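Look at the two complexes coming up: chain A is in both, with chain B in one and chain C in the other.
And now, the complex of A and B:
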């Protein structure tokens, strides 16, 4: 989204389709946000403007980006609210964010993000602050909107269950580094990075209740004190001398995708 | 209500007198009100009857506003109930004079959700853990109290060196370990854990859950484990009570409640827990509840869940379903159609 604070150094390339968005002028890039890429965040209350109605905040996107007249934009806001499953949308459109419940605010945020029918929706912990039954509603909503608009979703979450439900591919990160990437089914069934495996085994699962969990020792490092070599090495059961010396390069996984580990857990290690 | 839990033999093992038993526990708050309008009555907990056996774990699960935190605060003696009774070893603590109640409730301690804000920032870890002994066990010498504090800290994985630090110098997981040590340092028999792992990083959650289980095995302490996360509750609990808007809707042995949930709300809750198995997750069709949790100040008439229930009939709006065992169900369910 280009929202990093001033002073941050971004290296590398971000391609959206064929366009290098790092190379774009700020104006052009701003036009992109909302139009082709949009973001929904974890804390819906602070993402919404408390002083204007929810409907206006949806309409605003259309008025600014598309130059749609206010009345028409408000009518479209009602449609968008109804699309995201908010009951009585024609009344709700005139309400303020504080009059919405947590789940409805998240829906309103999704309505704003979808106003311009973007190609990519970045969902940053969209369900973390929500109750279990509401979380299930939002995940189902995201899946159905993805079908309907043919858009892609970048789901950022710590919830492996939500990943299993929604995602096709998964990237596992630790302390700013990519640990493993690949097709969800194969990464979950045969994790090759010790961190991925440990993460999956440390999660309490409803289908295996009562089993003692495989906890990962230690705590995640703060961004300023990441260990030398592989960042996961101080907590890793498989770590050797080489892990303390150099960051492992990404190598190909046996079932496609990549893994960054000197001792990647190959098929044979599972025997 | 009172007779109901006594007749409910789904909770085992049965000893003559359970460690803790509540009957028809209710908490009503008055909010707002003024010269021109009546205050709103908010029934946060409504007629809850549960029992906890020695050395076992009762999990209480529910979403926001279901009253699980109010319930745990009442059980720890931090909030007086509006009506109903809390029996500790068969003795009603709600009627006791303050000094007496304080002595009895020494056996019940609490672990809080936010590890940092529940620890005094101006005390060192060792002092925080020693404090309950300073209050309750004055007969011990200071040296003995210090030794006990350090020994329980050692058991929860906090070294002597770390015990000299202040809470802000510890990580979230370590802070929660200190909270657990403080709860266990006196001769405690029941620890009420109110969302003890929800503020922790996923990779640290498992450490704390395993620690609690291990301490239960070695110390024989009982837990009431309160959480919104069904998978976490499932992992640690022997029995589970599912709450919705202040009422228990399903109550029984963990495996019965999880494997064959009878109440539609429990069914939806079980369905809404995502399992980290992509093949399974993408093939199953979870039951998704419509609508949201109604305001607790204005709960629906009859069954409180009926506004979101796919089975609701006219009867549900009129008649409050009692929490009883129905048909061949091993657990108690508060639904006309379970």
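And now, the complex of A and C:
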């Protein structure tokens, strides 16, 4: 969304529909934010301006992008708040963020993001700061709003449960590199990359009561000391010499999608 | 909000009362007024008669109670020298001080706040360096020296403004600039650091993610959130300036409260000194209260606490 700090390195290409975002002029790119692409971030409290009412923060998107008059925009803010399931929205519009609970703040952020009905909603760990019941509610809300507005959601998360619930396709990344990509059903049922597999195995399960939680040995590398070759190689149970020398190319998975591993676990049957 | 108001009122009353008490005691330590009012060759009997007239030979607690009782109804007595009522003397000098304070603060805000904001937005850029240098320079120059320097350059050298005195708008310019230079450094630096604290907050990034133009992000989101400490500092400076900028008023012979206080102290004109302090203390309390309210209007989180 063009929010990276000055001097950041951006590689590759970003396409929104058929438009190359990086080729756009800064002004056009700024207009894209909110209109075609929206962001909801993980910490809903710090993403809301403490000095302004929640309603105004929703209305201002309509006022700036569409030139809607303030009164009309505030009326629309009430509708958006009620759409995201906030009780008594006509009172809540005039409240300040600190008067909202964690789950309501996240709903308010979603209302802001939806104000202009964007094509793409980027949800950056939308549920990390929330407790389990609220988390489930927010995921259900996102799923229903996706249907209603016909938009796509790009969900960035550590939470495999949220992926299973919301996503169609999943891209597993490690240290900034794509490890495996494919349909959620296929990747979850038959992970071909050792990292994906280890990740799924480390989830708590209801059917393995009393067993120790599986964990991946070691810790994720800091961005400055990513290993040579495959970034996951120092922690990988299957790593060989070739993994230390070169990054594996992406190859087709047996059930569609791609996997980047020298020893893709085709023969493994994960159950 | 009402509780805040009540608490501030009680605190304010205590501040004014302590100021009255401290001045009452201190002026009486400063010496015997009759030794200044009467010529040196006056006899002890003549002095005694004058003390009796001025009420100075009563016991201190009695004097104190009379003083407080009169002060409560706004009567601070008359000057020892020209018998003019203290209140009317203060009221005559007050507008000059207010005009000077207002002009210099407006001037300081006009430059310090925008420059502080721009310095923070383009951190380490040209404006930032400029503000740092100007702030350090400004803070290192005592105001009486700046005043003399300005007189030397603009009044004596270039003959643009009068050297001293009160009266026309032209008289106002040099003292106002002097005081603005005095206020500028702290104001600009506080604005800058306060903005720097707000800029990395996620709600600033969130505003950009909403597609808000950068000028709106800085002008609305960042400025409003960074304003609280700046308002508090401004209140303090207003309080200082309505107490009279003694040095600046003296250098420019500006007929303000500060100069009135100094002259009266030198002449041991007890009623005038006490009256000036009382009015300034009340003014200070009102400005602080206004600032507390303004801060709550800017920051709703404080409002609900």
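Note that in this section the second predicted complex is superposed on the first by the 264 of 271 C-alpha atoms of A that agree within 3 Å, B and C clash if a C-alpha of one lies under 4 Å from a C-alpha of the other, contacts with A are read in each partner's own complex, and residues count from 1 in each chain.
Here is the rule we go by: contacts are C-beta pairs under 8 Å (C-beta built on N, C-alpha and C of every residue); 3 or more make two chains touch, one makes a residue touch a chain.
Everything quoted here is computed from the prediction, not taken from an experiment.
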| item | value |
| --- | --- |
| Overlay on chain A: chain C relative to chain B, clash or fit | fit |
| Partner chain(s) touched by A:220 [first = chain B, second = chain C, both, neither] | first |
| Touched partner set for A:79, first chain B, second chain C, both or neither | neither |
| Partner chain(s) touched by A:125 [first = chain B, second = chain C, both, neither] | neither |
| Chain B versus chain C, judged by how many residues of chain A each one touches | B |
| Chain B versus chain C as contact partner of A:19, first or second or both or neither | neither |
| Vertex chain A; arms to chain B and chain C (CA centroids, nearest 10 degrees) | 80 |
| Which superposed partner A:3 touches (first chain B, second chain C, both, neither) | second |
| Contacts of A:31 with chain B and chain C, given as first, second, both or neither | second |
| Which superposed partner A:136 touches (first chain B, second chain C, both, neither) | first |
| Per-pair minimum CA distance [chain C against chain B, superposed on A] in Å | 10 |
| Chain A partner contacts - residues on chain B that touch it in the complex | 63-64, 171-174, 201-207, 209-210, 213, 228-232, 234-235, 254-255, 258, 268-282, 286, 288-293 |
| Residue ranges of chain C in contact with chain A within the complex | 201-203, 205-214, 216, 220-221, 224-225, 298-301, 304 |
| Interfacial residue positions of chain A with respect to chain B in the complex | 87, 101, 103-104, 131-137, 139-140, 158-165, 167, 184-185, 188-189, 198-200, 202-207, 209-217, 219-220, 235 |
| List of chain A residues in touch with chain C within their complex | 1-3, 30-35, 38-39, 41, 43, 46-52, 60-61, 64-65, 96, 98-99, 109, 112 |
